[in-house]
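Naming follows writing order (A, B, C and D), and every chain is counted from residue 1.
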Amino acid sequence: MSPITLGIDVGSLTAEAVALSGRELIASAQVDVLHDPVATARRVLSMLDETLRSVGLDRRQAARTIATGYGRERVCDARLADHHVSEISCHGAGAFHAPSAAAGAGVRTIIDIGGQDAKVIRVNARGELSDFSMNDKCAAGAGHFLELMCRTLGVSLDELGPLALGASHPVEMSSRCSIFIETEVLHFLQRGFDRRDIAAGVCHAMADRVLSLVRRVGVAPEVTMTGGVAKNVAVRREVERRLGHRMIDLGLDPQLVGAYGAAVLGSLEVARSGERR
Amino acid sequence: MSESMGRDLAGGHLRTWRDGGGRVVGYACVLTPVEVLDAAGVLPFRVKALGCSKTDRADARLSRFNCGFCRSCLQLALEGAFDFLDGVIETNGCDQLRGMFENWQYVAPAPWFHYLKVPHVVTPESLDYLEHELRRLAAALERGFGAAVTDERLIEAIERRERIRASLGRLADLRERPAPAVTGSEALSEVIAGSALPPAVFQELLDEAIDRFERRPAPPAPARRLLLGGAAIDDVELVRDIESLGGAVVADTLCFGSRGVSLELSEGWRDAPVRALAERTLRGSTCPRMYDELPSRLELVLATAARARVDGVVLVHNKFCDVHGIDNALLRLELEKRGVPVLALEREYGAAADRGRLRTRTQAFLERIGGGR
Amino acid sequence: MIALGCDVGSLFTKLVVIDDDRPDDVMASRVLRTTGTIGTDLEAEIDLLLHEARVPRARLGSIGATGRFASLVPGATFVEDEAHCVAAAVACYLPGVEVALHLGGQSSLAISLDAAGEPVRLVRNDKCASGTGRFLEAMGRKLDVGLDDIDGLVAGAAKPTTITNQCVVYAESEVISYINDGATRADVFAGICSSLGRMAVAQARRLCPGAMRPYTLTGGLARLASVVAVVEAGLGIQRRPFPHDPKLAAALGAALLEDDPGHP
Amino acid sequence: MGTTDVRAGLFERAVGLFGLIDGMRGVPSDESIEGLLRLLPPDPRRNLAAFFEPHVREAGVSFLRMVKDWMFHARDARAAGRKVILVPFNFPPELVLAFDNAVPLTSEVLTTIAAVGLEGGGERYWEHMMGLGLPDHICSANSVELGSVLSGIDLVPDAIISAAPGGCDANSKIHELVSRVLGIPQLLIEKPVDDSPEGHALYDVYFRQLIERLEDFLDERLDEDKLRRLLARANRCTELYWELYELHKPRPCPVPNIYNLFLAPVRFCLWGSDQAIETLETMVRTSRRRLEERAYPAPVERARALWAYTSYYFDVNELHGWMERQGYTFLADVLDLYHPRPIDLRSRDSMIDGMIAAAWSYPMNRQMGASSMSGAWVRDVAHGVRDLDADCVIFCGHDACKQSWSVVSILGDELERMGVPLLVLHGDSWLKTVTPIAVLQEEITAFMETRVVGRRRGAGRRRLRRRSTTEGSS
């Protein structure tokens, strides 16, 4: 069995941990972020350990553990990982080496919309980072914006996408700023607009923000979406329509791509250094 | 009331200068030729706002759409941190700086004030105009502080600054070595300190520092070599942060860093010192406020990058700064076209502002150019 | 006469019932979240409130409506803007106070008022600094800190962080990175309260460029001692505390006002 | 380069829009206006309806035909072997109009046409600029039109006259970037921030050098007779400008709010043309008739507002039209108070001196290009308030306009001393996605009812039923 490598991604809303044997995903775990990244990391790693033990393996067997995400440096300081890599490189590597993606022509553009920030990543033919853009503008472009709108609409994050797909006349949000969009959503609700049309308006506003990021680095096929917002079918479809590219499926939960990429980079490092554990 | 960091950096030297009856005049933009102030026997002090973390007084005058550098300087001014200045020189470095000075003078006028107007284009007529402006500045200093700015005193002042420039050249060489003997943050700290010190004192401290850097064992070669460009940045913390991620800042074109002090005088400048200063300010200045001089700016970055053998260029601008914000975007297009990887960073001016966001971007950039830890 | 004041803001809807012969005695009050169905909910909420105040519907002399969605208040006698209502409440309860700093959920207002309780000058918050109340609430949810225990937490802050982002929604990512740099929740909330307080100070200074006039603080944020302390330190003089829950100030004003017979 | 959503260029779509009104003359009937509006998508239909309101229709049609001619000249320039010169809104177009081989285009006017007349406004072109990596705090006035130019599928000018240096850093840098990326010449003329004789002398040299560079670029000498004929008509425009200016003074103001929106492009596009004269004459004639009839679009003129800088252009119906319906008069925005003076036509030099004086006191150059930004701006606003009997001043707070933002607090303090209330709004004058019009209406209403109308005429007041118990009934 090829060496085991771990990847741990402590983000702003959720934290994920993944164990790979070569490219094969053998275990994964996900928790909501507590207010301290190290505590969060310990919790998600122990959950991963339970799964590993159920298949007769053990976290300590890992040849390399790489941390990424907001809390990556604190996780390394607490010696829960060997070293850390930015979530941008990890999402790039994770998507490029993902099970179904690797088989096809290969991913070149990754649109990652997380809870607190959004990024678009371009990788070269070897899956290495070639360019990236992050939302320096106001936060209307991050997953947090959808979370805010769901509270106002009174729906859960998972219901927002399907609700929006049922829209017949999507409303057009007149503002880019999430403060005003929220007020507008309340206005539309008061005036009895169909909730599906409002939900679609929210998802299109989100797609607008994503596309302005994509324009900064340009798009080259194959394109994929990762991060929590990728699960919103309405946002994904609108971005696909506007870009003229279908999002390829990675054969991997979009939220795990960061941790998966970290583990892949770990295995590449192990392979390069010829280590055998 | 927060002590002006610049004054603290100068520490006791500024106090001894003032205790000895010395006068201090504040300026903000490096277009201001400090030699004219030296020649008038006045200590030039670059107004800065290092470590200013709150801007509530300034936000009542300027708006949140004005850059953090201007708001932080006005905050310290309104808090009285610059009351020790005997006079202030406004330069039309940029629109927002003009607004900052106009508010400063409107609310708390300095005892002596002069407005140095620098053209945005390089033509024979704008050169004549700037020479005339420098003579008006000299006359105003004379009226305000009594010492006549003769050619002899100006030549002497320029020669003293040229010696400092030579030392700064040695410092730059140390920084550009394959295994740099001095870090980017150390080099920037020297230049920043110099902007608040009497020239003779700065020369002495600088040469001592250079000897110290040369004597100490050279650290291992850095993972990646970077050039730091853009401007209105005198935040050593930012450079320290970048370098802690494995990207050594071996060269810079910051206006508060090397660019401001590396401008050369033309041959035979002693024959017409005022004219030479005017020419250096206009033709020599590779500041993005010179709206027809992109070729010379691009050349400076490319030449510096080649000489310092950098792997990538980081261009920084303070949020809301159009002059550098747009220029960085243009330089990025030009450099990336020539295969030079560029990271454009936008940040709020101020202590440890946006630290988390910038570390992620810098680490990703270092990973992109094959570096990082 | 018994009057009801109803302030329908973007975040919360505030209702009060008072008898204006004894305005110091708030007979009943409620605060509820403004949702998409607030228009229909208010019908029942008003009945509930009157029941709590033991006032039959017939004896209710006036319903004053204010706030972003005032038009939705069923059976409103009149609609008046927020500045007028806050000024009226402050003039009634705090004679001699000349400035009201109203720090609401969505926006904040610096209001100067004359002796008759009429607003004279208004300074609204910077657009990007709006949503202060929601920012606090969102941070509370993320770091699981209830709004009521912020003050206790902040008291123990060792090294308050500095929030520099002007877009309040965007400042959340700045807070996350502080947490990930090891800042404690106390430090983070101390930083948030001081940045919100300083925004209010800058707004007050715009209203009174010279010396600060006697002032009070109203709106939801005025409940937080940590924010109040920053404002008082920034302005250099103590505030005159609003005698009731500062979050109800606009609703109280709406209950105290009536149509001026002289002007249709 | 980033991918682009730009499928059709701004200029090209605008030409299509104006094609619809090509045949329109005089005062069209309600039916024909209805027919035209039905052809338009929602955004332009809502906005252009404000141009055809009965009390402004005649001037509206004349104005739209003037802009149409201005655009069609540029459209046909290449075919006619003439060069298209991009001229910023703070530089007089007469200099370009005086050449046979050149046609002027003003990017800010095209951006305004996109905001008013194109579906979705100018946002997609702005997004293209962002795609190139430009920071989001730059000014949309130029960036929308130039975003379309840089998208590669729209009319590209042959050269840019960059006259923003000295008055505006943001636009100076955008012109530099566009001329570099497109590889077209930038004819730069700086406004010295120096009101002294030395400043004027330097500007005089710059202007004359610019004429020589234009002559070289166009391979055509500035013809004195053609210039004299043009500036004679420009002097006629100046006369009409002052007649319209005076007509703003009576209470209630007979000049409809939207005429202020027409006045700006009359100056920036075809000043000194027959079309500009016809539009000005129509505005003066109709305003004079309204003065005699004491016509005012609302029951009472409740407040007269002077806008301190730009205003908002993405919803003309809901700003200029809405203000009129509330009884709020839009007297002028300070960029239209440029105090034109007749030009001495005796010689080539006297005419050039006249154009130099016009450029020196041109919008934005007068205020932000002066030695003291706050000093000059306060002078112009205070004069406008007194001369046009304004009740209040509104600063639109265009978020990218950092020089005006940096000194608006000084303007506020000085106006407060004059007892004139100042409203400071926040938004983007050309992009509706920064602050929606509904929020702006709400803030203007709160300001007017609190500080302007409330103080004087007490309409619809509410009063405190009872002071606190200690002071007895009020």
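Criterion: contacts are C-beta pairs under 8 Å (C-beta built on N, C-alpha and C of every residue); 3 or more make two chains touch, one makes a residue touch a chain.
Given the structure is predicted, the values throughout are model-derived calculations rather than measurements.
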Give the label of the chain whose average Cα location is farthest from that of subunit D. A
CA centroid of subunit A to CA centroid of subunit D, Å: 45
Could you work out how far the Cα centre of subunit B sits from that of subunit D, in whole Å? 38
Multi-chain contacts in subunit D, i.e. residues touching at least two other chains, fall at 132-133, 135, 399, 409, 413, 434-435
Each of the following residues of subunit B touches two or more other chains, namely 60, 63, 346, 356-357
Contacts with two or more other chains occur in subunit A at residues 70, 73, 117, 136, 177, 183
What topology does the chain contact graph adopt: line, ring, star, complete, or other? complete
Using the touch rule from the top, collect the residues of subunit D that touch subunit C in their complex. 399, 409, 412-413, 421, 424, 426-427, 434-435, 443, 445-447, 449-451, 454, 458-471, 474
Contact footprint of subunit D on subunit C as seen in their complex: 1, 3, 20-24, 78, 80-81, 83-84, 88, 91-93, 95, 116-124, 126-128, 206, 209, 256-260, 262-264
Inside the complex, what are the residues of subunit A that reach subunit D? 133, 136-137, 174-177, 180, 183-184, 187, 208, 211-212, 214-219, 242-243
Given the complex with subunit B, which residues does subunit C contribute to the contact? 126, 128-129, 162, 164-166, 173-174, 176-178, 180-181, 194, 198-199, 201-203, 205-206, 209, 234
Note which residues of subunit D are touching subunit B in the complex, please. 132-135, 137-139, 162, 165-166, 168-170, 172-177, 180-181, 186, 188, 190, 192-194, 198-199, 202, 205-206, 209, 368, 371-374, 397, 399-403, 405-410, 413
